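Down below are the structures I want you to see.
Common to both upcoming complexes is subunit A, partnered first by subunit B, then by subunit C.
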Partner chain A sequence: MTADLLRVENLQVAFSTRHGTVTALHGIDIALKAGETLGVVGESGSGKSVTSLAVMRLLDRAGKITGGRVMFEGRDITHAGHADLRRLRGSALSMIFQNPRAALNPIRTVEQQIVDVLAAHGKLSRANARTQALDLLRAVLIRDPEARLNAYPHELSGGMCQRVMIAMAIACEPVLLIADEPTTGLDVTTQQTVMELLARIQAERGMAMILITHDLGLAARWCDRIAVMEAGRVVEQGETVALFEAPAHPYTKRLVAASPTRRSTLADLAPPGLARDAAPVVTVSRERGPGTPPLLELVNVVKSFGGPTRAVDAVSFRIPQGGALGLVGESGSGKSTLSRLICRLIDLDDGDIVFDGESIARTPAREFHHSPRRRDIQIVFQDPNDSLNPRHNAFDSIAYPLRRLEGLRDGTALQARVREAAARAGLPLDLLQRFPHQLSGGQKARVGIARAVAPRPRLLVLDEPTAALDVSVQAVILQLLDRLRREDGIGLLFVSHDLNVVRMLCDDLVVLQAGKVVEAGPSQSIFQRPQAAYTRMLLEAVPYFDPQRTELLKTA
Partner chain B sequence: MLAGILRRVARRLLASIPALFGVVVVTFVLMRVLPGDPAVFFSSGPSAGKEEIEELRRSMGLDKPIPVQLVRYLGEVATGNLGRSMTTGQPVVLDMTRRLPASLELTCTALFIALMFSVPLGVAAALRPGTPVDHIVRMLCTLGVCVPTFVSGLLLIYAFYYLLGWAPDPTGRIDIFAAAPPDITGFFLIDFALKGDWEGWWAAFSQLLLPACTMALFVLAPLARMTRASMLAVLGSDFIRTAHAMGLSRIRIIVAYALRNALLPVLTITGIVFSTMLGANVLVEKVFSWPGVASYALDALLASDYAPVQAFVLLMAMIFVLVNVTIDVLYGIADPRVSVS
Partner chain C sequence: MSDLVLNGSSTGRHIVYVLRSNPVTALAAAGTLLLVLIAILAPVLAPYDPVASNVPQALQPPSWAHLAGTDQLGRDILSRIIWAARLDLMIAVSAVSLSFVIGAVIGGFCGYRGGRLDRWVGRFVDVLMAFPLFVLAMAMVAALGNRVENIVIATAVINLPFYIRFARAEVNVRRNAGWVEAARACGDSHLSVVLRVLLPNVLPAMAVQISLNLGWAILNAAGLSFIGLGVTAPTPEWGIMVAEGARFITTGKWWLVAMPGLALMLTVLCFNLLGDGLRDILDPRMRT
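For the complex of A and B:
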């Protein structure tokens, strides 16, 4: 047995806050051998990022290691001085971060930033600094590396920025790379190429890696061993396949259950103990004659923002009354533009949008809030944090559309409607007086949904409503949306890049690429027999969490 | 790149013309509405008869209705004639070109001194928030803002001229018995340097130092506080954490990574501070008998001398526009993200 490259022993970290000291890590033990990949999984607040920052000794001023130690290459670095740490960081021990664009200096070029790292560790030969930077960009497989050298981060896509970040991290050939949610927020296809790149570099250089992620699929696909964290503790760790095939700890079981697989249905994700959501519901079947118009119909909708290409190019589809349609595509495919067009927040250039047999494209977007249709089409935004006014409590947020659109004044009528909306969104009524910062992510998502359903709309446009949520919360929110649809007959337009989620929730699917529809049809058939090459690529890129399949992948 | 900048500058300058026009009209009307009759003020004496005053008023064109006067004035402004000062008897344009360099030299030096102190102070405070360093910087800034410039100016004169005798007597730009430099740019420091007269340069510089420090003290606070706030925000950002994770040296992180990003908002504030200083330094000019445009305009205002006041306001408006355009261009050069949009 070889010595461990990194050994974290009983590590404890506390943060001093305004309300006293808060313990973030209650004694973490993890170990890693050279060349090995360890996945650290857990939901937000479980302490995964704090662990990685503590290992790098990058905790901010408020955070402090209060106990335990970090052994790196047989040396205790828990109390190493600044100079020692500086020599270690970036050269032996390196790190890449979530949100790569923000992690790069906005006013320095790619070349300057790579050269900075090389220079910091004396690996730079003045004469051919540019060649060294160029070689690193080639190593991370950036297209057209010569041109990228002079680019600034804002000129690069998110995936490109992460490649530059990786180039910087591997510039001095570290033996351990910590990747903190390296692909969160990137498109599925980009996610896959970035992970493949990391795995390749790791194999070539014999580098060890700690992959921190909330995505069990990603961890299962790429890691040798997994450590599951909950509330500052490692609750379970072991070989990937063994751990996921037979999870022992209840938290691991719950996480595994909540992670969508290729075959799971919404009911499978049910977390135990939520009887109300799990209770059987009566599906409202509405009598619809053959002459009933569709709820929403798009006819050759075109929108361009003045660039050489159209953001939305001749898109047509329809959603039946009470139907659910998934709109998928990568960033830049025009799905957000399309959802804004349907909500009539922006005007279309050409084509028509027909809502319940009546064209709503004639009314300019500026005037649309006077239209009686404004109530019928409501939107739930992606980020539950940023889409709520921090100075409004939950009650005011939900009451706002009622005041604006229905002219309700303060009184029992408004009270009743807000309570009704909150109940439909599964938001406990005692939370109504709370402000956004006093609510959890899932509760904020429910406020956003309650606000959208308050004016009793007939179509809900959901713009990636679960992208910022933990898997267990996501499962509950998805079930809630499904129930709203079945019980109240609300039609759903679900905009997402997460194909698993779309498959479970939606009957129909529209795949967008560069503003055009590349494939449309019933979700099940598209998932089983994708026709377009782009759809196949999207489907293959999804890191399915599937214990049985993981084994196949590892042996293949 | 250069063509783009020039086009943007040209567009901004053109867009500022309506605003300048508005300034001219408003000042003109305001001066007429304010109480005070220049004809009375400038007539030969308290014994002047009614007829003499009427005669003077007619010769100044003040007997005509205000709209007519305004149209005539606008026509003159368009041809570059800003009128004649009743106090000095000189054309206003000539007075201004003599006095503006004095004000500019004072303001620029003061701004330079202020930046030299406020940026390091702000950085020091941001690096150790909540510590004594931070508190001392905050106290200095508060003092600078609280004490009016005429008090701090007099204090400086008392200490360095009266008590210590280090500074020359606070009477203008240069010692009354010394020779002024040849009139090349109007900036004494530059003119002396061009001539190679370093003794004169030093004399002019020592005259300049006290008033400049007085003004610098006053604007220390906004600059230092802005540097601190913006530096704190940048130090907490992701790319600083990246720089630490990559093992960059502390000094490099602070200077090349944090400070360069943090200076962007400071640049904007500097523009505003500069414009404010140029107009608001009248007290400093009075205390130090500095022959600048602000004290000139104040004298004219007290004498109901219309032309210099109107010209002064127009000049300030033009400088404000120029400073803003300059800051815009500098910002575009310093921040690559701006030039894209």
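For the complex of A and C:
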């Protein structure tokens, strides 16, 4: 029985705000041994990040530790002075952040930034600063490390930025690394390689790690022990396999239920309480008889942005009336460009887009708002935080397309339509007066969906609508979309990098790589028997929530 | 979280909150309000006719009869200051509104469209800003004629570059936001995206500029009158009053310059202090 490397005892943190003091942590107890990996899981607002910032003593001025203590290597660092903390941070305790690009200094090269870290802790011998930096880049397995030394952050991909961050974090050989959502926002394949890298470095150096994540799949795969947080409390803590196989706390149960496994269907994800609709589902007959044109058909669509490469290269597919098609690919595969082409926000270079038997590609994008088809095709954007006008409250956001597209004026008709759209998106009506910054991510996503369904479109383009959401919110949103499709017959084009999510919602799948279709067909068969190597790679990288797999990895 | 729910009076409560948490803004707002009231009620408030000369009473120091003293023609300085507030505020407000509206629209389009239009307007603004701006204003008033409208136009033109640049930069960082694309999917043309969606979002940041600019515009108008361009002699105007009074400083008749000068200074100070508070009031994100 070795002593704990880090012990957090009854830690309490409060923030002083305009509305008085808000308690963020109500007494957290966690402990970590050297070399161990602890997963801290929970949804946004549960206090995961506050915990890590409090341990690092990086809380901003409004936040204060109001009780409890943090013991590191047997020392109480709760009230350590600035000089002590500076020595500790980086050299003994280190941290990597969610958005690596934002955490790197944009005007300094990779080499300069790594050398800065080394110099700050006196670990630098001037003569071989470059060699040391190079060794670190090699340790994080960056391709062509010599060239990367002179690169600026904007010249690197998101995955490479995260590697540089990791190199900086391990530069002074810390004994504890805190990784706050290290892979959120990265492609699934990059996600996997970054996690493999972290696990390798950790094993090589005997470093302990706290992995903060909202992704249970990730936590189950890489952590020895898990602490589940909800509303500033640790509600359950234990060995990964035991905890996930038999969750005791209702919140853990709900999280586990909402995390999609390899076999789960949409209905499986239903959170208890928010039960499946009791009302019988009215299935809209999808076939309108033979000879009905497909809802949407793309014929050899081409788009380039002035460069030699085509962002979208001869893409063709079709969505039947009321059908659901998944468009899958990594960032840079052209899927976002394609969704904007279909929504006619940008013009295509070549090919044709046929909506309900009528070509809509001939109207230029700048004139398309006059087209009667404008209201038939609506879009839900990726980042709910970025897709609502900050000056509009929820009501005005949802009313906007009705005012603009249908010319509705303020009055009972508009009120009714907004309320109807909000109800269809599952948005509580008392939230309609709130501004975006007063809504949670999931609520904003619902406003975005309500706005898109308000003008009663026939095709809904969903650009990674759940990428920024917590798992339980994701589950609810997916079910909501499925219901919109079944009850209202709205066709869906679901754009995502997460094959597992797409599989549950969509009948058909199109896999896109570098602007080209590499594979297309029914989702179940692609999921079970992928033909293209790229599809197989995407499938393997998905971090399924699967506790048993941890066992396999550990014994292997 | 129920205390976050907003109701009808939320705007009022928000203004009260901003003012209470920031006493300097509250003071500046009170000063500005007072100034506007004085300007509107000038005919009622002014104890004497601002242009009627009364030579026997010339150059009287401040007394109970003439709180701010009298000038070389025996006119009551307080009455002239009160009437001048009307004219100076009108010049400043109309000049700033003119440059704000035109500048925001031009800058908004440049920031949204980018490309050739943006480059050409950008260079034009650079050229305009390379002139000594006050000299440019002098030249314009001299060329167009000594009238109040021309002071307004000249002041508006020399303020224009700042508004164009500001609006351009603020719109440019927002043009790829999801809610801008969303507005297009909701049936907005490029034109209405700029006018209905982007510019209102830029307004809070521009409020600071507007407020600082008002003070600057008053100084500018007073400056033009001071050197004899713009508003002409008998009309009460702070710049002219300072210019005419300057002759008597050497003989110890300080009130001729100090009183209008003080009014000018306090006005500019109020506007300058108001800016930050105005931004907090206009920005819905500050309503937590």
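Following the convention adopted for this analysis, the second predicted complex is superposed on the first by the 548 of 556 C-alpha atoms of A that agree within 3 Å, B and C clash if a C-alpha of one lies under 4 Å from a C-alpha of the other, contacts with A are read in each partner's own complex, and residues count from 1 in each chain.
Following the convention adopted for this analysis, contacts are C-beta pairs under 8 Å (C-beta built on N, C-alpha and C of every residue); 3 or more make two chains touch, one makes a residue touch a chain.
Because the structure is a prediction, the values reported are computed rather than measured.
By the touch criterion defined above, A:Arg143 lies against neither subunit B nor subunit C after alignment on the C-alpha atoms of chain A. Contacts of A:Arg87 after superposition on the shared chain: subunit B is touched, whereas subunit C is not. After overlaying the two complexes on the shared chain, residue contacts for A:His437 are found with subunit C alone; subunit B is out of touch. Look at A:Arg409: by the touch rule set out above, it reaches neither subunit B nor subunit C.
Look at A:Met165: by the touch rule set out above, it reaches subunit B but stays clear of subunit C. Once the two complexes are laid over each other on the shared chain, residue contacts for A:Ala102 go to subunit B alone; subunit C is not touched. Across the complex, subunit B meets subunit A through its residues 236-239, 241-250, 252, 256-257, 260-261, 334-337, 340. The residues of subunit C lying in touch with subunit A in their complex are 3-7, 17, 177-179, 181-190, 192, 197, 200-201, 284-285, 287-288. On the subunit A side of its complex with subunit B, the touching residues are 56, 58, 60, 82, 85-91, 94-95, 97, 99, 102-108, 116-117, 120-121, 152, 154-155, 165, 168-169, 172. On subunit A, the positions that touch subunit C within their shared complex are 17-19, 340, 343, 345, 366, 369, 374-375, 377-379, 381-383, 386-391, 393, 400-401, 404-405, 430, 433-435, 437-438, 448, 451-452, 455.
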